[in-house]
Amino acid sequence: MKNKELLKVTGLSKSFGGVKAVNNVSFTLYEGESIGVIGPNGSGKSTLINLITGFIKPDSGTVIYKGRNITGIAPNRAVNLGIARSFQMVRPFYNMEAYKNLIIPLYSPRVKKQLQGGNFGDRDEIAIQLLEDVGFERESQIPYKLTGSLPHGYLKRLELARCLCLEPDLVVLDELFSGMSMSEVASTVPILERILQEGRDMIMIEHRIRELFRIVNKVICLNFGKKIAEGTPEEVMNTKEVKEAYLGSEGESIA
Amino acid sequence: MIESMLVFGLVNSAVLMLLALGFSLTFGLSGVANFSHGGIYLFAGYLAYFLLKMGLPYFIAVVLTIFITALLGAAIYKLIVIRVRGIVLNEVIATFAIGICMLEFFRWLGFVTYEYSLPYIARGRFTIFETTLDYQRSLIIVVALLLAVFLWFFTHRTKTGLALLGMAQDEYTALAVGIDSDWAATYSFAIGGAFAAIAAVMILPLGIININIGYEVLLIALAVTVLGGLESTKGLILACIILGYAQVITSTFFAPHWKEAVYLAAILIVLAVKPSGLLGKFKELEERV
Amino acid sequence: MKKKKALWGLLVALMLLSVWSISGCSPQEAPTQVASGEPIVVAIPTALGSIEGRDGVRAIEMAVEEINAAGGVNLAGEQRPFEVVTIDTREHEAGIPIHDALAALERIILTEEPHAILFGAFRSEVLLASMDVIAEHKIPYIVTTAMTPEMQTKIAENYDEYKYIFRMCLNAPYLVMYLNQMMGYLETEFGFNKAFIVAQDVLWAKGTGGGVEAWLNNNNWEVVGFDVYPTGAGDFSSSLTKARQGGAQVIVPIFDMPQSGVLVKQARDMEVPALLAGFISPAAPENAWDVFEGELDGLINFIFEIGPLPAEAVPMSIEFNKKFGEKFGESARASLAGHAPGPSYDSVYVLKEAIERAGSLDGDAIVAALEETDTYGVIGRIRFDENHQVVYGMDPAETALGGAFQWREPGVRVPVFPEMIAEDDIELPPYM
Amino acid sequence: MKAGYRKERIDRGIKARADDIFAISSYREILYLTGPRILAVLALLIYPLLTDVTGAYWQTVAFIACIIALLTLSWNFLFSVGLVSLGQAYFFGVGAYFTGFFDRTIGLPPLYSIPLATVAGAILCTIIIYPVLRLRGIYFALITFALPLFLMRIIEATGYLGGTEGISGLQRLPGITFSLYVTVVIVLAVTFIFLRLFDTDYGLVLRAIHDNDMSVLAGGLNVQLYKAQAVFIAAMPATFAGALMTLHYRIVGMPAFAVEYSILPLTAAVVGGTGTFAGGVLGAFILVPFSELLRAFGTLRIVMYGIMLLFFVVGLPEGIYRFAQRKYFQFERIVPLEEKADEK
């Protein structure tokens, strides 16, 4: 049941002075689908999504989003088209209260345009509501704490909250679970599943493959910037190149 | 006309390079923009003048000046700048304040008369491509190239140089591998001071030492360093050549009073187009997402 | 805690310093006073950090000392001594806002209440801006440095407002006149007809350069080029090359910045076969010969007002140099600036005579008396024209005098122009 | 300090930590909280009336202090958005030349030429600086350091707008008291507006750009546009200062781009405390009178000025205002030394 294409990436490549970070990668994402991106460290995963979301300009290749060519688009315009992203290295606003961090995305043209009509009430109220969804317990005053004093797990969820408040069509998560404790991961997975049920798409880079495979229905694997495998999680795990990429060439087959 | 423009363009480029090397080295190796560069340059000039007045032979006076100015550079870092290391704004203001203090103190001492000048190293002239060039200016070209080569060799081939370069690119990793950042910064300030002294001894004999040169020198050093790219010596050489010839060409074909506008325009254009300077890579590193 | 103490100690020291300066300790005091009576206050708001400023103030203090020693100003029977107060306006530095100089002027007027202001503004723009301040406070104001002719046009336009302002040094048109006369003299003597003008990018220098160029053009001279250099330019190779290419026999430099020393040295280094004749401030003082290591022979340099250049035809100038040497020492005399000391010294005497003639310290009375001044001074005969500018000319007996000298071997400055004070003819330098 | 006692510091913030309600217990504490602010505002408003007490000279000094305070406010606004400017003279000069231009060509009376010059100057400044806005840190600072010198050379070389001589004989302002009153009111208004602006959501966005402009970009906001708006807002007080100063001294010349107009506000901001508006104004009102007092020292004045600058940058990096604020909210109590538990 191939419904409409949401995102079509063809021949995307980028090199930093001789190092080919991303080398001719292409894939297609259909509406309602979610895709995982796996691969060893330094295989170009983060660079790939930076290229898609416009933070880095590609050397060659095109990115078509909802039929529109957004290659090398300004990052903020990509966000306003509905592509929300989180950063691998967390980037909150440290000397503000936690809920104030969400005022910025709520101030973006996309949110203003969407919530036309009735007065959408006080942005602070919406921000605290969103933080609660993501797991900031309101009673213990966590949303009011200074961002700098929050533990790493909360900062990661703050990134997720920032994506959600933009009501995005495509959520791009870069190693959301890294730095989270097992309990925090367990409490965040249902949130991600709820996002998918709402019909939003997702591109997720993750090293915790077990949780990743529970969420996404399609996976691509990168190694040294090249796409070496694509398909359902099971297919990808059994392809030889993927095992070699992860375990080195002489590795025996894994379960 | 063209030959003399070529020759004097090269001389002008060498002068710019000598003036900017000290500043660029300190800025490149320790990340501290030493705005007191003009003050140090003039300190070396007046020091050399007084040493010579005391009757010291020329070369001893020059070597002594270079050594003392290097000590001054190190002292500026060790005593003052070390306290504000890291806060870029305070570093810039602190060094600028030191620069002002030095320059205005010389003015208070009454160094405003016209008797302050340094003797030529070598008198006499020779003609190449039928333009007469005096030994002093040709020596400037030679010394400028020597210093640039030494700087490149020092930063890329010697142990201490590589340590300094590592410190400039990423202070925390350099600290992690055991390079003491204060030692590195003191060292780069000292070498910066020495280069400023060499520049003073070579360039000041061409005219009269006056205090307003201090502010001019800072502007030139800023322009060339920014244009060339922070830590790349090749970028610095390229920038000096471009600026040197641009100035001579504008003053020959258009009008000399456009000279000043040239290197100010150079800063604006290059930074708008390629923020990290012609050959610099620093900015790209910073931009990594 | 130790660091905190050091900080507080330094802060207290700074505060003490400023409190001490609030107490209005009046700046440099004139040392000796013979005449009793309440002093007549003379204020000097100028760029103390410049060489012209330093030497001008010394000349004024020398004159004040002589007058006070000889009994001071005889004001309606009472012997009143002069008292000099100075303030630094830092005008000579590039990039100094005008309001800073005007604030200093206003401060010295309001806190010292001077009866007259001597030496005045250093830069032309500051002079024009100060004229409004002076008009407000109605204090006689004698300028001996800034040379913009626009001062006279402003006085001519509304005399009542700006009548308090006088100028004893020459202005740009007079300098142009002298330079033109000298070019004419060179043409008759050596048959030169190709000149190259190099000027500093400031008001008076460009005005003078333009004047000379105009005169040269309609006196069958060929002006090979007219280049203007910003203050602080360090390389003149382009103009020198153009001058040599165009076969210029005379290069006319008009600079009052120290950097112009580069032009002289570079011209010699590039062996440009042309006579340097104009105004280069670093080549004016007597010690310039060893500063330039003897590379000055043949250069003709202008002294705006005769004072610092001892010339037999003006005996008072020789006496002025001798006394200056005695009072401030040989090195000070050897580095005496070419512009400002002469008229500054005379301005004190002119003011003294005007006050005695007016018989009162009222501004308007002094102005009226100043207008009738007709006396002899170090710069020659001093008479003001209707726009309060001292008349300059060729004959020391008739008018005030500017002149030129030529540097000759073992470092001697020989007056060569105008004829009245010339002690020798102009010789062509060896390299020509 | 008697033996056996020690000072115990109690950090009692007057306002209890709550988002929207102010928990202040007594009038005494309200007075304690607002006292210094009201005192400062009153002093500024009364000072211009004391012309005969202080003498015209100190009125001019106060006028120049207000002008530098405006430049410092503009500097602090830019700093809070993450743009370190070493070139306030650029805004000042553009404002000054616009007034000179309007006054000389159209002969606008000061009442119209000052506001027009302020707005037009701010627009021109923003347009010229727009392509350079994406630079960060020392690079932006270097550009702003070079901009005023560049414009100065352009005017000097082309001779346009009066060249080196400048335009003199502009229309006269009523007098020092009028100018001083206008600048005092504007300084207070701008400080109040900037403080209020930074509490709104818009202000929050600007502060976020200072913190981390990458994540503001990820939040869907055009950082370049907001920086340009910030430059426009910050330019207004500075161009106004340029316009008013020009008409007060009835001359505009190249010194309008003097380096001093870049260095003085920078120093005042650092002395007062970078990033705080009230601190900037405080710094200006300390610095300008102090440098006038030093005038008695002739050429030594700038050396002492440099030493003082060095003292504050190295000794007190947080600035007087923050230091005073911190000290003002700290209380100390003499508490008897607790006998060591084990002694008993």
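Letters A, B, C and D name the chains as they come in the text, with residue numbers starting at 1 for each one.
What we mean here is this: a residue touches a chain if its C-beta (ideal position, glycine included) is under 8 Å from a C-beta of that chain, and two chains touch if they have at least 3 such contacts.
Bear in mind the structure is a predicted one, so any value in this text is a computation, not a measurement.
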Shortest chain-hopping distance from chain C out to chain D: 1
Partner chains that chain B and chain C have in common: D
Longest centre-to-centre distance from chain B, chain (CA-based): A
Between B-D and A-D, the pair with more C-beta contacts: B-D
Computed distance of Cα centres, chain D from chain A, in Å: 42
Inter-centroid spacing, chain D versus chain B (mean Cα positions, whole Å): 33
Distance from the mean Cα position of chain B to that of chain A, given in whole angstrom: 48
Whole-Å separation of chain centres (CA-atom averages), chain A against chain C: 75
Shared-contact residues (touching 2 or more other chains) in chain A: 55, 87
Residues within chain B bordering two or more other chains: 107-108, 215, 255, 257, 260, 289
Residues of chain C engaged with two or more neighbouring chains: 49, 95, 201, 230
Residues of chain B defined as touching chain D within the complex: 33, 80, 83-84, 87-90, 92-94, 96-98, 100-101, 104-105, 107-108, 215, 219, 222-223, 226, 255, 257-258, 260-261, 264-265, 267-268, 271-272, 275, 283, 286, 289
Chain D - residues contacting chain B, complex: 84, 86, 131-132, 134-139, 141-143, 145-147, 149-150, 153-154, 156-157, 214, 259, 263, 266-267, 270, 274, 298-300, 302-303, 305-307, 309-310, 313-314, 317
Chain C residues touching chain B - in the complex, by the definition given at the top: 49-51, 54, 93-95, 201, 227-239, 241-242, 245, 257-259, 261-262, 265-266, 269-271, 281-282, 284-285, 287-288, 291-293, 335
Interface residues, chain A side, partner chain D - complex: 53, 55, 74-77, 79-80, 84-87, 91-96, 100, 103-105, 107-111, 123-124, 144, 162, 166
List of chain D residues in touch with chain C within their complex: 55-57, 60-61, 64, 153, 156, 164-166, 168, 245, 249-251, 253, 255-261, 290, 292-299, 301-302, 304, 308, 311, 315-316
